[in-house]
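Letters A, B, C, D, E and F mark the chains in the order given here, with residues in each chain numbered from 1 onward.
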Amino acid sequence: MDKLSLLDKFKDPNLIHNLSDGDKMLASLQVMFLGMTVTFVALCILWGLIIVMSKMLNKTEKEEKKVVEDSAIKPELALEKEDDEEELVAVITAAIAASLQTSTHNIIVRNITRVSDSTPVWGRMGRMEQMNNNY
Amino acid sequence: MVQTIIKFLQSTGFYGFKDYPLNIVMIFIAFVLLYLAIKKGFEPLLLVPIAFGIFLTNLPYANMMLPHGEHGQPGGLLWYFFQGDELGIFPPIIFMGVGAMTDFGPLIANPRALLLGAAAQFGIFTTFIGSILWGFTGQQAASIGIIGGADGPTAIFLASRLAPELLGAIAVAAYSYMALVPIIQPPIMKLLTTKEERMIKMDQLRPVSKTEKILFPIIVTLVVSLMLPPAATLIGMLMLGNLFKESGVTGRLADTAQNALINIITILLGLSVGATATAEAFLTAQTLKIIFLGVLAFGVGTAAGVILAKIMNKLSGGKINPLIGSAGVSAVPMAARVSQVVGQKENPSNFLLMHAMGPNVAGVIGSAVAAGVMLSLFG
Amino acid sequence: MDKLSLLDKFKDPNLIHNLSDGDKMLASLQVMFLGMTVTFVALCILWGLIIVMSKMLNKTEKEEKKVVEDSAIKPELALEKEDDEEELVAVITAAIAASLQTSTHNIIVRNITRVSDSTPVWGRMGRMEQMNNNY
Amino acid sequence: MVQTIIKFLQSTGFYGFKDYPLNIVMIFIAFVLLYLAIKKGFEPLLLVPIAFGIFLTNLPYANMMLPHGEHGQPGGLLWYFFQGDELGIFPPIIFMGVGAMTDFGPLIANPRALLLGAAAQFGIFTTFIGSILWGFTGQQAASIGIIGGADGPTAIFLASRLAPELLGAIAVAAYSYMALVPIIQPPIMKLLTTKEERMIKMDQLRPVSKTEKILFPIIVTLVVSLMLPPAATLIGMLMLGNLFKESGVTGRLADTAQNALINIITILLGLSVGATATAEAFLTAQTLKIIFLGVLAFGVGTAAGVILAKIMNKLSGGKINPLIGSAGVSAVPMAARVSQVVGQKENPSNFLLMHAMGPNVAGVIGSAVAAGVMLSLFG
Amino acid sequence: MVQTIIKFLQSTGFYGFKDYPLNIVMIFIAFVLLYLAIKKGFEPLLLVPIAFGIFLTNLPYANMMLPHGEHGQPGGLLWYFFQGDELGIFPPIIFMGVGAMTDFGPLIANPRALLLGAAAQFGIFTTFIGSILWGFTGQQAASIGIIGGADGPTAIFLASRLAPELLGAIAVAAYSYMALVPIIQPPIMKLLTTKEERMIKMDQLRPVSKTEKILFPIIVTLVVSLMLPPAATLIGMLMLGNLFKESGVTGRLADTAQNALINIITILLGLSVGATATAEAFLTAQTLKIIFLGVLAFGVGTAAGVILAKIMNKLSGGKINPLIGSAGVSAVPMAARVSQVVGQKENPSNFLLMHAMGPNVAGVIGSAVAAGVMLSLFG
Amino acid sequence: MDKLSLLDKFKDPNLIHNLSDGDKMLASLQVMFLGMTVTFVALCILWGLIIVMSKMLNKTEKEEKKVVEDSAIKPELALEKEDDEEELVAVITAAIAASLQTSTHNIIVRNITRVSDSTPVWGRMGRMEQMNNNY
């Protein structure tokens, strides 16, 4: 019958061996065509959405900065905190490296843990000394 | 070829929204929860996995919750994770991690705080009555009431045993309200206390010895489990975690229980609890009722804690600041922090935090006890 | 019949909808009464036991201190060790903070691991250099 | 007594080689893989467990893959581990860890790279045709083709669903070729590009904001899962891991996902995937075909990426170095490193690494999409 | 109402002690074990979970070991954990962690120590005879004898396969005696050696190359698994863990195997092994016999090790201190430490620790071999 | 019948109780004999193989050093790297100990992580700054 039933046979592991090489080739090419098309379409949609997202965010950010400069402080602070953290790690790394006369490229200090709020609700219990900071 | 393409297009989730239009609403709800968790910092460690679970489960044809086939065909990933909730395995493991992170010192130093941890469970039972009168079954009403216990794992444990059909809505409500404690509690606290009461300073707590801290988890497990055998699993694991911490000889186990293990289980539990919130299960009048009843439970529990604290203050001759009563709902440690902040606003030199931690951890025990009663009656 | 069978109906998800609102209210109030009573009784028992425990321990500790001051050295040492550990962490925290001119409130050094004996039996193998300390 | 000794000797694996002589070949192959992993540093984190799994499963009478008995008799250890592969549980968990380690910034900064990540999947589909013509079924051909996706977990996920009988050979081929990327790719890259093209310097990438990084995993999950519901599990978990990392509020979960959890699952998955490579299953003409087809898939994918990059370079007026096209096969981050190294040989001051990371991580998404197509057609 | 209260009271564990009075004894035993673990430091990492498991399983009506229902009703938490013991999954995973922590260097430097690791298994087989004559079946006798192997995971692995009904008693005996090694061994060692022998100083061990350390686990797995296929699981996982450590390229996996993973499994295994020790199963004459036979096994093993070391000393012309023979029972590293301490008492400048580590780790291999023989004969 | 069937009965938990004590003893002794023999044989084979391995490696290493000194650089480097790492940890340990005036015996710095190549393939992504070192 038509191509659809060809693909149906093609999908069935028991029937595929009855197909001629030509039919197999035909069906395979359909799979390839469909597959590459879907892959390109999917990633192109993502491409478009990323560009839209970036543009919208840039706009919003500019507007936000103008209109509500105050309310932006909180997220900025959050970002600063992170930067701080990176800075902190960088400083410590440099210090240790200096004292060892080795390049910082090969050392990662990753365990200077700043107390962040990302402990679970149950996790913050018992660390009461720093609670005032957070609230 | 054209037919193949049409067939392919009909297999996409875009097309699937025709059959499941309400899933779009659920995905939107998931995004709102993600926004609250990430931008507003509401319980992100649980809301991010829960919200992502809601997101994934409502993608049409993605079959994330497809059950394991009778002849062994692989099911959906989140269905496998969900088995840990359904069989009651994940919540006790999370409780073990919680125990390993909890310091019961303030409660041992001031055991009267246990009364406040009991009083705050009043919200559970009033909400139970409300739920019954609103047409829920006893099992469902018990699961809804426990939201007022302000303890996520307990709520999930109870709901998975008594009313699995409501699990998604109850979990979302429980964690959302836990995150909203700093907004829900202060007005109630101010309404029920006078300025003088809020300004009361409390005596410093006595130091607690290591032996007391080691014996405490054993005694609690023994007493609570003998009184309420169905609570043994939750209380036992909570106290085992605490014993790992306090014994001083099992630091490795305490460390793993409160880090790698609790994190792994949190991911699996959050995702799979969220995944129960499909559009069919969630977008019902029941869910709206649950959300309303949940906030009622919180409010009544807070009020009951504050009122008992006022009475205790009277009886003790003014030595107890009633603000610590609200911490009895648990929601550790946010409720205790709220007591601290509200108290400090009245009197900047007042430090209630340590005193509020007593009722706060007592509230965890209290809601496990209440859950035990519910399981005992309706299990 | 009597109240028991009321509660029995109440417990059955299929029968509860046959009950009148008054009966439901009655049964719910019973549940509330029972629940709050049990909760209060359980936590009051704990309250009593904690007080008994604290008193007994205080007594025992005083007696122990008098009679067997020697045998108390070991647990005390253990405690001291822990204190040491905290002290050690405190010192290191302070040092790093100082060098970074930031408050110690926000930093936790949690990975200066002291070799304690809490490795499992199989874990201590291969760390032979410190075995003498422990035995 | 003598009979007992004879019976004992007949129960040894030495005697067992009489019945299973080819197992000796497999054990030798396991040793070669261990040598490559340990001495040559080829993907040791996966090849060591896989090779040890091959080793253990081919020890006669050790019964490492004995199925769980119908009446509950304990099965072999590796059979229990294997359930996590067979039910499709382990690969998505590994993807979550991968997501928590991946920085999609270079891709967000230069989203054109997505095209290269799509082009490099061409190797998957050409290999599919080759496999079909060489006598494999559609399900098998799809699983073989996906080797060209250069993504171990995706290959295992797809093979476990479509052609579990080939899982061992496919896993070994996939990870071996991923390790061989620095040897396979450079000649193809040099053949297809001119010296001038290889010397092109690219503009610096723009910085990417935190909000973009948070929205990216959500958008990708939404779009890919709606287009290809069968890809939702892999893409969803990859992006959940990334969201844990980028959200900034779930550091604990990101940390566990990319350390304890991924390591545990890597051990269990590696051992049990290796354990499928018994002599009967592995020492067949099929395996040789798979190994040949696998290298074809890699080569064609590399070439397709480079060629599309050449075209894009032309269209953009010479701003794109075609060497970054080869990174689209994924094999993160080795393929990107290869672009860097080949470029730097031509022009020591040329730093292509960051530009190659874009196509490189796009390749991961691309092969998940291709896997979704295969599952949609043959699942 | 009154009837409801009575019904409630009859559901409490206090009332339950009427039906299960002996559970009180078991809870007391659990507390004694907790005391020994926490205050005396006896193997706390295993005794705390085991003791807590005994505690929880003997709380009446708590149903911690309720099996999973035929129609899917949730079982008890510890029953689910116990599946990992019953199916033989947990002990090999613990062995992997042990392997990742073990340094076989001292054994490779002085492979004669393997003989001592063999001799010390003599206690296993003498105890086997004793158990048979005392009325145990072959399967039970093998499981009891293996206590003398001084290796907890091996004992649990063997008992779960051959005599699950004795698992609790065997596990408790095995870990208790491992903790008591410093008390059991010294008198036997002194009795069997002369002052001169105890004062012998041994030559320093040669350094061992990295390649030897990498080849060692592979060779051991190959030889032991081929001779004794049923030992392949334990030995294979032990040596895989060691290979993770020694290969130098899989540090991530070695780290997880010896930290997060082994800790998680230790908690689950300890709790669930303890949970098998219900009053019915534990408070029997059999348990008393097992406790007696266990100490016999330890003593005979210690003696056999020392005696063979004496003979080897004679043959080598006085170069081997017989005190290192006792370390062959395994109980790593306590038995080696005991050799060191007893030796140093005689001669303060004598350092036997490194020399005793050879027999000590050889004893681990030795008891896995002995377990393989038992499985081969009685499995 | 003969001894085999004795052992067969011995293995069967239902039949063993029919055996006389003498038979049980006989069978047990057989088990012991077989068990100790196998244990000794297995460990002796290992002994032999370890010695063969050590000798062969010594030979190979010497030959390798003579013939292909160049190709040996890479593994040596790897070894050096590890040594470095240990040295690094030692130096840091000493430094911290010195600043705290405590013995190094009790401190382990185990979290100064050097970036090694042992991250999984997917793990190295996003740590691009150090890629040049490795390739």
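Criterion: a residue touches a chain if its C-beta (ideal position, glycine included) is under 8 Å from a C-beta of that chain, and two chains touch if they have at least 3 such contacts.
All of these numbers come straight from a predicted model, not from anything done at the bench.
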Repeated interface matching A-B, over half of the contact pairs identical, chosen among E-F, B-C or C-E: C-E
C-E or B-C, whichever has more C-beta pairs in contact: B-C
Averaged-CA centre spacing for the pair subunit D and subunit A, given as whole angstrom: 19
Whole-Å gap separating subunit D and subunit E, where each centre is the average of the chain's CA atoms: 40
Whole-Å separation of chain centres (CA-atom averages), subunit A against subunit E: 46
Multi-partner residues of subunit C (at least 2 other chains): 7, 34, 38, 111, 117-120, 123
Interface hub residues of subunit E, defined as touching at least two other chains: 8, 41, 44-45, 227-228, 248-250, 252, 259-260, 266
Residue ranges of subunit E touching subunit C (in the complex, touch as defined): 1, 3-5, 7-8, 39, 41, 43-46, 94, 97-98, 101-103, 152, 178, 182, 258, 262, 266, 331-334, 336-337, 340-341, 353-354, 357, 360-361
Interface residues, subunit D side, partner subunit B - complex: 86-89, 92, 96, 160-161, 214, 218, 221-222, 225-230, 232-233, 236-237, 240, 243-244, 247-250, 252-253, 255-257, 259-261, 376
Complex contact set, residues of subunit A against subunit D: 7, 10-11, 13, 16-17, 21, 24-25, 27-29, 31-32, 34-36, 38-47, 49-51, 53-54, 57, 61, 78-79, 82, 116-120, 123
Parts of subunit C lying in touch with subunit E, wherever the complex brings them together: 2-4, 7, 30, 34, 38, 75, 117-126, 128, 131-132, 134-135
Touch list for subunit E against partner subunit F, complex: 108, 111-112, 114-115, 117-118, 121-122, 124-126, 128-129, 132-133, 135, 137-141, 209-212, 215-216, 219-220, 223-224, 227-228, 248-252, 362, 365-366, 369-370, 373-374, 377-378
